[in-house]
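As written, the chain order gives the labels A, B, C and D, with residue 1 at the start of each chain.
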Amino acid sequence: MTRDVLILCAAGMLVSAYLMVGQKALFTAIRLYAVQSLLLGTVAITMAIADRRDELFVMAALTITLKSALIPWFLMRVIDRIGIHREIEPFLNVPASLLVCLGLTAVGYRVSTGFPEGTQGVTHHLVGVALSMLLIGLFLMVTRKKAVTQILALLTVENAVFLVALGITSGMPLVVELGISFDVILAVLMLGILVHRIVDRFESMDVSRLSKLKG
Amino acid sequence: MNLLVWTLAAPLMTAVAGSLGGPRRWNEATLIGGLSLTFALCLGTAGQFLGGAIPTAFGNTLRVDGLSALVLVLCGFVGWVSGLYGVGYLRRNDAGGFLTPRMLREFYGLVPAYVFAMLLVSVSNNLGILWIAVELTTLASVFLVAFHNRDTSLEAAWKFLVLGSLGLGFALLGTVLLFASAQGRLGEGMSALEWTRFMRVAPSLHPFTLRLGVVFALIGYGTKAGLAPMHTWKPDAYREAPSATGVLMAVGMLNGALYCLLRIHLISKAAIGADFSAGLLLTLGLLSVLVAMPFLLIQWNLKRLLAYSSIEHVGIMAVGIGLGGEAGAFGALLHMTYHSLAKPLAFFSAGTLAQLHRSSDFDKIGSGTLGRTPVASGLFLLAAVIMTGSPPFGMFFSEITILRAGFTGPHTIATSVFLGALVVLFCGFWYQAGRMTLGPDPGRNANTPEPEVVDLGMAVALLTALIAVVSAFYLPAPLTALIRAATKVVGGGA
Amino acid sequence: MLIALAIRLFTIVATVAVARRPAICRVVSMGGSILASAITGWLAVRVITSRAVIDGVLARHAASGIVFGYAVTPLSAWFLMVLALIAAPVAVYSIGYFAHAVPASRTATTGVGFNVLLGAVELVFVASDVVTFLFAWELMTLATAALVATDHEERSSRRAAYLYLVMSHVGTGCLVAGFLALASRAGSLSFSVLLTGDTVSGSLRHVLFVLFFVGFGVKAGLIPLHVWLPEAHPAAPSSVSALMSAVLITTGLYGLLRLCAFGLGVPSLDWGLAVMGVGALSAILGVLYALTENDVKRMLAYSTIEHAGIIVLGVGVAMMARASGRGDLAAVAMAASLYHVLNHAAFKGLLFLGAGGMAMGTGTRRIEEFGGLLRRLPWTGFFFLVGALAISGLPPLNGFASEWLLFQALLRGFASIPGLVRLNFPIGGALLALTSALAAACFVRAFGISFLALPRSRAAAEAPESPALMLVPQGYLAALCVGLGLFPGIVLQSLDRVLASLPGVQSPVALAPSSLAMASPRDVTDGVVPLGLAVAIGGGIIVGLLLAARRVSRRVPTWGCGGELTARTEYTATAFSKPLMMMFRAVYRPTREVEAMAEVSPYFPTEVRFRGRIEPTFERYIYTPLALAVLRVAVGLKVLQAGSLHAYLAYVLVLGVLLLIWLGGSI
Amino acid sequence: MGEALRAAVFAVLQAALLLAAAPLLHGVIKKMKAAFQTRQGPPLLQSYYDIAKLLRKEPIRSETTTWVYAAGPRVYFATAVAATTLVPVFVTAAPLEAVGGILLLVGTLALGRFALASAALDTGSPFGGMGSSREMTIAALAEPALMLGLFASALAAGSLNLGTLVRGLAEQGPSLHPSDLLGFASLFIILIAESGRVPVDNPATHLELTMIHEAMVLEYAGPDLALVEWASALKELLYLTLLADLFAPIGIATTLTPATALIAVTAWSMKVFLFAFGVTLVESTNAKLRLFRVPELVATSLGLGFLALAIRFL
């Protein structure tokens, strides 16, 4: 039972990542991220129930409130403020991107077979998903030009990390977790502020234009 | 209450005081006072360690062993001088009169905050806290990079923040994986992530998970340290950041990140032998040294020049560690020490030059600065001599030590490449230094500088020059002892 | 030793202290340097006379735990002695010279550089372990570069300084690699362990030889590693040029001896051949380039290359001798080389000081603009003439003595080394003969065109004689040139002690019964040119004077082929070397452009412009392309940092994926 | 001391003798040349008359000159005289043979050349410059060939010390080893080049473009000129003697008794006369070479010298 839920959620997260790669509307991207975070939360809860670890509930609550509510809301506000809603031409067109992502997934899964549990066991899937998400997120950062998309991609990477944390360690010590989440928020806030400043300055949040500093 | 805690509390309080704003004099006083106090406390803590104690706080979360003590002292020193210089810097800028109160608050608040984070890095024994602390250094420095609020500074800040956060994501994953590799043997709760505990259970860590963790941590913290190919944020950030904070990043962040790398390296060394992580460090270090070469040769901006030279130096240290053995580690740590002691001079002289000429681009500064701003240029030349590892200054000895370790060890080819790169880098750096300081007065073709005045900034620059020179010939015995202790931590054992 | 270096250090500090007052500053810095040199010299002599090695520890670098050791072996003592003999007068000269030639604001830096340079060179000679050596070596390089860049407003001197810095740093790179590789095999940094010769073997030995040969060759200015030399020597203030030519290049030679010839065990025959070949090449090309050079200091610089070549030629012979186990031959060759080191220091120092005086007086270095200087600068002229005679290897001056020895060595080499290889010796001999003859031509030109006949420019016509402070040192060096030529016995006796300390070299005394009359210096007059010949020549002169004793009654203008005789009708330096330039066309690859401007008809040109230049082969075909290639690559790599954040992120992605795949493979 | 005294006396005697003989050589050559051209030619003693006359003449110097100009001829002369003390002439020993042998001889003569060439530049006349330039050029080219030639014969005796060398050769007696012939040819060419004879230079001409040695001394007059002329003659005589020593050590006295001395003197004069004849032959049968063709001639000599070495020792 638990196993299936976990794998389902993980799969869901991966799908959401793929969807992010697959489309261009920023709002959708943010929503996808929200869903992704929600799934992450679910994973946390499931594990909490499964092996009776209460601090994981806190984790889950934190994740859901922060990542699937607060941050998306914040980002939406940013977008509204700026009024740019679509990701114009990424460096790589969608089909090609998807192909690359498939490759990345393969790599992730290959690596995930190296863990103690080997190919069976839920860990394998969780880690595999997580690693591929990580790479996909990074890939998104590479190919997308809008500042907000990059933030999202970064957050996807964060999610991936958390998924690994849940998957193979059933959570880090709570204090650390808290600290980490706190830092993540701060990072996002700063990114947001910077995006503002950038937009004020450049009338655009196309970061590919930020290329004055060469050599 | 524990001295160590005070050491961390001092800058934190300074930060709070600074961010509250208030009259200028008061801010300056708090900044200088606070950072001086911090430095004193750092020395005190190190003293405790040398006294034979292992200062700890919050259980075992903060712990000062040889390595920590060394980094702590160095960071404290850098924080102190950059605080001093920073004040002078702001005064000069104020003369230009484009400092909003917000900027001042940012500065007076963030600099000590940064110092705090950096000290926290150097003493935290808990990998989780370590990560958080490093993240803090990033966050604290972002707005310092964006300080001048020019287009370029925004660009630099953005790149810095994105790359930095990504790196930290990787570092976090690395930490998680390390934690996982222990498969619960570390126990529960806060103390589970303690480095000492890792070391204790090291032999039983799961190899593959550990490897994976090391790789990610290496990429992550490597980004902060500015190892190639994650070095790309450095030149931009250095160019934009005020010199005072530039040196905080060049030394503080570098030492801090290197410190993290060392901790990870030690764990994996204890678990699966040195070769794995050492090999990675060697490769990336070599790569950094090589990457720096062309950009020194064709550099167009003074501060970017310094950035690439610091990429070079982090590369050197990484190579030193990667070459393995006690000698290599000793060389690397010695290099770290001398680098930290000399870098302020480089930054402050360059910063002064840039301020006097109102630009840090070579073509705007123009040639023959030695004629127009003799003191600053002289100091910069001195810095150049030191930074290029020339005798009679310290880095000559550290580099020789590292090279010797290299030729003694199995990596002769790598060492030869390394040596060749060093030669090219020397030539590149001197080409730039020469074409800026020497030559006739360009007259109209470049900015005419303001006349040199011995203000606070200049005074600090002179002070750092004094320190850099003296330290070459005479390192205080305690510091030497620290280096040895640190070497024992790093190179000792296996 | 300690004292000497301490004094230098103190001098440096003192110089800085009085930097504000140029006059005092000069006296202090140079005075200190003289004192230090004197002590060094005394020490050197003591070591040579009482073949006892003086060694000890200079300092300890606490932080790195590195210890600076020194050991004054007879060999290093010899070089120290040379240094002391030259450095002292040069310092005296500098007191007078810097006053005119160096702007007051730079007096202090120059003084400091001067002392650092000398101190470093001394340290190089006495260093007894790798780190000390490299330390001193680098310091020396930096100091020299700083001195070369003294008047850095000149593009040429900046270029020269940088070129010098780069070349010698590449050299140093080779040395570091070589030394550390050696040290790692020996497991020790101390020369006494390192240079016993049995530390390395097999192919590594050859690699090391090449490394050291290149590394030291750069400093010694051996062709094709010489390009920095003709740039740097002229750029520096003349007294510094004198030091560079007389002393600095000897560090390279010292290194060659210490490592290539005696450090890596018994050298192989091929090494000897290679060294000989490079030496001969440098000698001949050096003098050829000197011959056509119109800048007096550049001319001297090229001749420095020539003499480095001659010395190295000797070293090569010695190496071949060792390779074939002929200690006696090695002794002669070594004697020749070391003797020539001393002689070259003497006359080249003298000539550079003279050139300094000329340049100071006339404000130019172009030979074409001198002329008739002997009237204005009688003493400088006289000393320059002595130097010219000495450097052309003419008896009874010192240049002849060492070249004579070298010829002997070559002759004996042919006689004593079997096989086809021996044919190199007569060839070497022929080249050496050609070299010294060309040198004679070169210096007839240099002296004649600059000092004789009519002034070729206003500046030359009004040039003032140098002050006594500058003349006395020249007098001293001139005397040295004569003395070393007349009493080779003394030199050879001390050399005998030096040679005895070298492995595989038979002390020349053992050669007594041989055909080398002078190689058995049992009594002083029994040398290559004892007073005998001097007396004979003197006698001849007296006879000549007696025969034509009548005093000159009339002085008349020179017949100017009908026209009146002006400086413009005089034979120019360019014209003087023209025949040789045409004969050695292959080397010079001369290019000339003649344009005649005519209004009426081409047969009555109103003005004719002639521009001839020779091709700088090495710069053109080796160095310039190399530099360009490096820059091109660098510019190409600029795209790595093109400012695109996406690219930067991509690097991380690629690295990550690669590492993951690598790990995935290792499961 | 006695040793030194004997050497001194010996030296003075030999020098005096050669000095006295030198002009005659020129006279003889001139005479023979005239014979070739079926002319009467000047009397044998003409050269003596010339020198005597010049010595008596009033010395005149150019106003542009310095002491270097005056020193030139004297040093030139002095070196020639000094050189005589280095060459064994009648006896298989030279007064100063311990001193340094062949190389010293070459060096000493080079010193004279240096002095004269510098002096030539002192007048400021274009001829002087041209002359000294060409003189130095040819000397430079000749040097290596000369060295090789000397090497070849020196190696036979295993010494560069002329005394030892000639003794060695004398003991071996005259050999007709091919290398000797080659070496002789090579040295003979150099002799011609060094003593300024056709085809390298023409002592008889004063045509701007062709003269070399004469251009160098063009400005000299009176006693100065006398010294130059005399020294040149002496130099040439020395070279011929050297040839005689190296390749035909016949009749040269190993011990000094009246008988041997007589033989030695006659043998020497015969040999010198023979070589002089050779020189004349060459002079009268060849045209002067262009300056830039001289290297080829010298190269030939160089090749011969090297060949001589090769075939003797390989």
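Definition applied: a contact is a pair of C-beta atoms (placed from the backbone, for glycine too) under 8 Å apart; a residue touches a chain by one contact, two chains touch by 3 or more.
In this text, all values refer to a predicted model and were calculated from it rather than measured experimentally.
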*asked:* Please identify the chain lying most centrally, where each chain is represented by the average of its Cα atoms.
replied: C
*Work out the mean Cα position per chain and let me know which chain is farthest from subunit D.*
A
*Please report how many Å separate the Cα centroid of subunit A from that of subunit D, as a whole number.*
100
*In whole angstrom, what separates the CA-based centres of subunit B and subunit D?*
79
_Whole-Å gap between the CA centroids of subunit A and subunit B_ = 31
*Quick one: subunit B and subunit C, Cα centre-to-centre, how many Å?*
44
_Residues of subunit A whose C-beta touches two or more other chains_ = 111, 114, 138, 141, 207, 210-213, 215
*Scan subunit C for residues touching two or more other chains and write them down.*
638, 641, 645, 649, 652, 656, 660, 663, 667
*asked:* Two or more other chains touching the same residue: where does that happen in subunit B?
replied: 158-159, 162, 166, 208, 212, 235, 295, 298
_Run through the chains and report each pair that touches._
A-B, A-C, B-C, C-D
*Which positions of subunit D touch subunit C when the two form their complex?*
7, 11-12, 15, 55, 58-66, 68-70, 73-75, 77-82, 85-86, 96, 98-101, 103-104, 107-108, 110-111, 113-114, 117-118, 120-130, 132-134, 136-137, 139-148, 151, 154-155, 158-161, 164, 219, 222-224, 226-227, 291-292, 295, 302, 306, 309-310, 313-314
*Residues of subunit C touching subunit D in their complex?*
372, 374-375, 385, 389, 392-395, 400, 404, 407-408, 411, 414-415, 420, 422-423, 426-427, 429-434, 436-438, 440-441, 444-445, 447-449, 451-454, 515, 517-518, 526, 528-530, 532-533, 536-541, 543-545, 547-548, 550-561, 565, 567, 569-572, 575-580, 582-583
*asked:* Quick check: in the complex, which residue numbers of subunit A touch subunit B?
replied: 111, 114-116, 134, 138, 141, 147, 150, 154, 157-158, 160-161, 164-165, 168-169, 172-173, 175-176, 179-180, 183, 186-187, 190-191, 194, 197-198, 201-202, 207, 210-213, 215
_Touching residues of subunit C toward subunit B in the complex: what are they?_
61-64, 66, 131, 134-136, 138-139, 142, 149, 152-153, 155, 158, 161-162, 165-166, 169-170, 172-173, 176-177, 180-181, 183-184, 189, 630-631, 633-635, 637-638, 640-641, 645, 647-649, 651-652, 654-656, 659-660, 663, 666-667
*Within their complex, state which residues of subunit A touch subunit C.*
91, 104, 107-108, 110-111, 113-114, 131, 135, 138-139, 141-143, 145, 207-208, 210-215
